Amino acid sequence: MTSVLVVHGPNLGTLGRREPEIYGTTTLAEIDLALTDLGDSWGWHVISFHSNSEGAIIDALEEHTSSVDGLIINPGSLSHYGLSLRDALAAFGHPIVEVHLSNIHAREEWRRRSVTAEVARGIISGFGWRSYLLGMQALRDILQG
Amino acid sequence: MTSVLVVHGPNLGTLGRREPEIYGTTTLAEIDLALTDLGDSWGWHVISFHSNSEGAIIDALEEHTSSVDGLIINPGSLSHYGLSLRDALAAFGHPIVEVHLSNIHAREEWRRRSVTAEVARGIISGFGWRSYLLGMQALRDILQG
Amino acid sequence: MTSVLVVHGPNLGTLGRREPEIYGTTTLAEIDLALTDLGDSWGWHVISFHSNSEGAIIDALEEHTSSVDGLIINPGSLSHYGLSLRDALAAFGHPIVEVHLSNIHAREEWRRRSVTAEVARGIISGFGWRSYLLGMQALRDILQG
Amino acid sequence: MTSVLVVHGPNLGTLGRREPEIYGTTTLAEIDLALTDLGDSWGWHVISFHSNSEGAIIDALEEHTSSVDGLIINPGSLSHYGLSLRDALAAFGHPIVEVHLSNIHAREEWRRRSVTAEVARGIISGFGWRSYLLGMQALRDILQG
Amino acid sequence: MTSVLVVHGPNLGTLGRREPEIYGTTTLAEIDLALTDLGDSWGWHVISFHSNSEGAIIDALEEHTSSVDGLIINPGSLSHYGLSLRDALAAFGHPIVEVHLSNIHAREEWRRRSVTAEVARGIISGFGWRSYLLGMQALRDILQG
Amino acid sequence: MTSVLVVHGPNLGTLGRREPEIYGTTTLAEIDLALTDLGDSWGWHVISFHSNSEGAIIDALEEHTSSVDGLIINPGSLSHYGLSLRDALAAFGHPIVEVHLSNIHAREEWRRRSVTAEVARGIISGFGWRSYLLGMQALRDILQG
Amino acid sequence: MTSVLVVHGPNLGTLGRREPEIYGTTTLAEIDLALTDLGDSWGWHVISFHSNSEGAIIDALEEHTSSVDGLIINPGSLSHYGLSLRDALAAFGHPIVEVHLSNIHAREEWRRRSVTAEVARGIISGFGWRSYLLGMQALRDILQG
Amino acid sequence: MTSVLVVHGPNLGTLGRREPEIYGTTTLAEIDLALTDLGDSWGWHVISFHSNSEGAIIDALEEHTSSVDGLIINPGSLSHYGLSLRDALAAFGHPIVEVHLSNIHAREEWRRRSVTAEVARGIISGFGWRSYLLGMQALRDILQG
Amino acid sequence: MTSVLVVHGPNLGTLGRREPEIYGTTTLAEIDLALTDLGDSWGWHVISFHSNSEGAIIDALEEHTSSVDGLIINPGSLSHYGLSLRDALAAFGHPIVEVHLSNIHAREEWRRRSVTAEVARGIISGFGWRSYLLGMQALRDILQG
Amino acid sequence: MTSVLVVHGPNLGTLGRREPEIYGTTTLAEIDLALTDLGDSWGWHVISFHSNSEGAIIDALEEHTSSVDGLIINPGSLSHYGLSLRDALAAFGHPIVEVHLSNIHAREEWRRRSVTAEVARGIISGFGWRSYLLGMQALRDILQG
Amino acid sequence: MTSVLVVHGPNLGTLGRREPEIYGTTTLAEIDLALTDLGDSWGWHVISFHSNSEGAIIDALEEHTSSVDGLIINPGSLSHYGLSLRDALAAFGHPIVEVHLSNIHAREEWRRRSVTAEVARGIISGFGWRSYLLGMQALRDILQG
Amino acid sequence: MTSVLVVHGPNLGTLGRREPEIYGTTTLAEIDLALTDLGDSWGWHVISFHSNSEGAIIDALEEHTSSVDGLIINPGSLSHYGLSLRDALAAFGHPIVEVHLSNIHAREEWRRRSVTAEVARGIISGFGWRSYLLGMQALRDILQG
């Protein structure tokens, strides 16, 4: 059975309330439900994890590295400076898809560069909460070769 | 009936032959066929256009702007310097999804910045020819609101 | 009753002992006491929080966002690279005053730029522990409109 | 009889429709008519050329170089990266006036630098379609010495 | 009656004598006369002011802001560093046309960037003393809407 | 008796009229009155000086350096390029508090760096005209040691 | 029989007339004749192509890639920004020699960097039209191993 | 009795498994054992601490600052952006030796700069797990110095 | 009779009192006296001018340009940003020697670049008030050819 | 028998006399003696070489490359610009340990980057003359595998 | 009789042994022989000089400047920082051809810029030892006009 | 008896012949003679040294450091990159005056920064061979206190 870890980085716990004109009104719980539903339809096990702390995310990656087949991660703004997270991803050992709710190329200059994306297979950015679903689909494409 | 324009930028005509270790062995014709098939399944009309010339791509955008509902574009390396194309996209008037075969964040420094993505809704990068299919899905999400 | 959250970022727990020639000999407990006293005199409820972890600070901001009316924050050096904290502040929803003990414009080059201050109402920097008291006064000015 | 070439660069063919809040509602045909009318009043022959392609513009410059007395060019965004066009202008052999509809100093950072203007006699930027008329007047001043 | 302020910045008092191979042999008095003549032909009142001091120019802008309808300014090299002048222009409240005798894009690198032009309606640069006349025409176009 | 010099730099003479959405509707006279009132309540002598000219401000600093005990200065945009003013402040010999009406970290990039603040004791920025009052309080804290 | 493609980029069609103090008085036809003569003496087939359009050059590279053994290219100023051409050269599959008439290291700063040369075997720059002949010799050296 | 704190930063918990071609196959437990053995031979007390969280590392530094005589720290990638950790080290009060398994000067550009090393006594980088042993020796030299 | 203008820029009026550890204890009056004495010994007429205002210095240069044979100028910190002064010097028409009391290469980074020195004959920096005397000698060497 | 070359770069001949507050009072002869003693205790042959000339150091590297097993080098400030030395080290063929007396990360900005360290196995910096001894130990670790 | 000086810069003495995958297996002696042979066939006198020292190369240039007709120089990495050599070449007085074995545009970033090439007639880079032969041919073209 | 070392850096041996339009026609021997004459008139012993090699200059500085009272040095282009020379000067222990024949602020950008001047007492630049005489005078001023 395929198992996938979904990691939500800093500030994603307040989705739905946080700057809805940028991030939309869907909550993190709703996203996790949608991902679980999609996973169920494929016979996948979806494990979701959220933390505002870079260190806790690295802990989670270490904990799950041997039991999952792939990773979907929205690093939030850690994408732009979280070099420790970047190293953890480089060592993860399974395919990684980075997703963002907003289009990181269409906002502040510093959001245009993702240091985590450079160790992912690919990146999906700008489609709101559906970026996660597209990420699931992308990961399935990768795992199916 | 929903109509979508798919634009393939410079050097994409030789897909399958060109640096297959980076870009894969799927040809442009095969990608267009896959996109048409997917479009057909949704009742969409898919128009494909390829050119190695920035000017010709802008011409095509102008020509189709009034007859299509959205755009999927792989600008190739024009992403990184094609400011005229960027302006044409900014004026296009329909949702735009930018796709890339390879992960632009994981190659040369200059590939990490896309001037065209800043006027697109979102970007999908790094999933080989399947980036196009994901782009179609993303566009459908946008058009369905 | 007006309620204000005071956040002390990394390395502020050792105030009084830490590089006193730069940061002075007043301890964090003494600062909190002075702030509580001042708050009491205005009929304000002052909640103090300190952590060395960016993630824990974001957690605290999320926890208190619905129950306080304003924020005084000394982000310490997170001011200069804590983009996740910056995003949390941008989403906080109440007036924010950033304070610093030392004058960030008069030290190393990298201290001169605050990424958190760009989402605060204002910044007070360089007056030792009294920067906090001035910040309280500034917040009262804002809340009184 | 004085003869002047007017070159409209990329994206100028859609003037009137394209982002009218920036570029106004006057069409390229209307601009050409106004230029022709003004030229007629001076006994000038006005030749107008538009292309979205840098290469085609260089072709046109080569074709007309021996038969015209001056050039008015709105290079569009080629101003900012079109080094081949810049070289063609440097070799043109007649006075060149660069015009822009919008004020290139008041928009994105990258629009502030014109590599083509460095080989023109002067630049007029920010007066909408009337920038062309002012350019005609400026060219007449130059040709009359 | 339309009233226009013409401001000549530092070093323009010596026009005609100063580096004539760059700035020409026309004197400032001759330029002012030509502007007055042109203004007279339109029924405009033209007020001319010259100073070598940024502060004095800001004083003049403050003094005339309520009595004129527009501004033509040649900030000289204040264009490149005069941020106080820039702020004064941003607050001026009437249309502003920036003019330069020489082509600022064709000289030293530092002359290519104008911080004052970013708050003007447009810029005319490179046509010698006739830049002022073109600026008058441009201002009339703006005021006539 | 404590004596304090208050210096208002370029463009502050038009406060109340100048871009009120940024700088508020309070006039400079009103600010000076408030400062005088506050000073009176402390038994301080408050001397106010305003000029649009960097040179005149330096003159004023030289004139008052031997007769005052401290300085509150809003250098306006001279903060960002006025190196002569910076040197004058470095030589002033009394505590200096720099104040700004708007939050310099939340506007254009060039406003984020203050060359004058690097020789002040501290900076207060973003609280409108109340930044001056806070500056007075900060100066009193400093003078009282 | 060895076959070689010679590509002349933008502005090379006017050689002999264009800025002869930099580029010399030899025409492109004369260069092509000299190359053909040299090729004939070696039993080589020399195919010459010139275009002012990056897209057309990429088209030509695609067209000839399967029928030639090597490439001599003078990309003109496309060397400095033509990233699409760069990608086409990277995919060309045969040895590439880049030639320039003038010494790109001895002119404007931006000419010193060639993005196309980074995917060529080598570069010859500064010897006028003879750079092409030297390029032919260099290519023969490469093909002979 | 001399006491030394050894701090292992982010991603060092997976040593032995993580990218062994870069970081080697020795585990963190084995390193700690070797350090303890070496410490025992000198009569030193060696305290080891590992965390993936910058905040937790600062907590540990605060906790041990009064009870140890020196610090050996491998900050991992926090070396390159962890300014809060840098400030904690600056305030630590005992000699600090920074060690790295890989040679930070021989990898990505961003790894070449260590903001933490600027407040350490020295740095040892590139000798695999033996960097720690060399760091112990260096620390002994300093303490005996 | 040879006539020389000596210009002292911003903050030089307080020499002797201003940061004497950097600038020494000699006053401006003493320097002027020494220069006059030296000039007298050569039969030169020495005119001294000091202002804290860039504009007033440009005024003075314009006023004296026709009556003097050379200029010695200590622009103070205007050296580093006074582009209007730079232009005035470029137009001055007589030999210019720039002098500085302190060594501009041995202080803050921004003092190392002089925009005024680029239009002077030469620069003498770092010898305290004697820099002026050396400048006089240098000017005499130039005038004597 | 293991043989090691020790190279001391520019300015190291005056150790003990040169800026002792930075570099200590130990002389180069004393360092060489300590290295020889340590080498003797391991049965190693230690060859020492010092020159102030980059060229002479490259000569020495060429001379000894076939007869030694490793290199310890203190390039002095050649670390920061000696690209020829860097190339010589890259071609050396044996393990290289770079050592510095002072901590290059804690001094001027330009000392933080070592172009020679990028072709060494590792770097030891900041431990005074003992950096050499630690370098010997590190080299032994490398040679012993 | 035509006489040519051939200068081989740092690290070229070990050609054939040094990183042969980059620089090939041909030795410097073999290159000199080939150059002499080619020179003999033209009736030229070829003088070869190699040094690892920038100073010695400048000495050689001074020594031979009056007796040779041209220079072929491979400055090695001195190309990238040897400003003294650059000045010596600028003063050499005869045509200079710079050659490189490897393609300097296809390696590390810092190799892409040659400060010596800016004072040469041209540059030939990337053709292994045959770059020298092509350089000889280029020099003959120049000398023959 | 006062003793002074005069050091002439790279390319100064050919003075008089080398680019006389920049450096003049006076030879190094003539300069040394003038310096000796001036020294004799003061009862000074003047020692002159010239080398094209940075290493040899450092050797000379080491050799003379204990026997001279001051240094006049024209480092030539070593001023701009010779960090080893800079370190040698920093350790020299006697007053240093840096001189240049041409005005380093009025030529190429890279000549404007002197890394050696930052450890000298002062710099004299732009007065041809007389810069040396002025340097002698400056040194005497320093030595006389």
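Letters A, B, C, D, E, F, G, H, I, J, K and L name the chains as they come in the text, with residue numbers starting at 1 for each one.
The rule we apply is simple: contacts are C-beta pairs under 8 Å (C-beta built on N, C-alpha and C of every residue); 3 or more make two chains touch, one makes a residue touch a chain.
If you're wondering where the values come from, they're calculated on a predicted model, not measured in any experiment.
Steps from subunit G to subunit L, minimised over paths through touching chains, total 2. Comparing the residue numbers each copy contributes, subunit F and subunit I share less than half of them at their mutual interface.
Centre to centre, using the average C-alpha position, subunit D and subunit H are separated by 63 Å. Once the centre of each chain is set as its mean CA position, subunit A and subunit D turn out to be 48 Å apart. The set of subunit H residues that touch two or more partner chains comprises 53-56, 81. The complete set of chain-chain contacts reads A-B, A-C, A-H, B-D, B-G, C-F, C-H, D-E, D-G, E-F, E-I, F-I, G-K, H-J, I-L, J-K, J-L, K-L. Residues of subunit D that touch subunit B in their complex: 9-11, 13-14, 17-19, 51-56, 76-78, 80-81, 110.
Put simply, subunit C touches subunit A in their complex at residues 53-56, 58-59, 62, 65, 81, 83-84, 86-88, 90-91. Every residue of subunit L that touches subunit I in the complex is listed here, in rising order: 103, 105-106, 112-114, 117-127, 130-131, 134, 137-138, 141-142.
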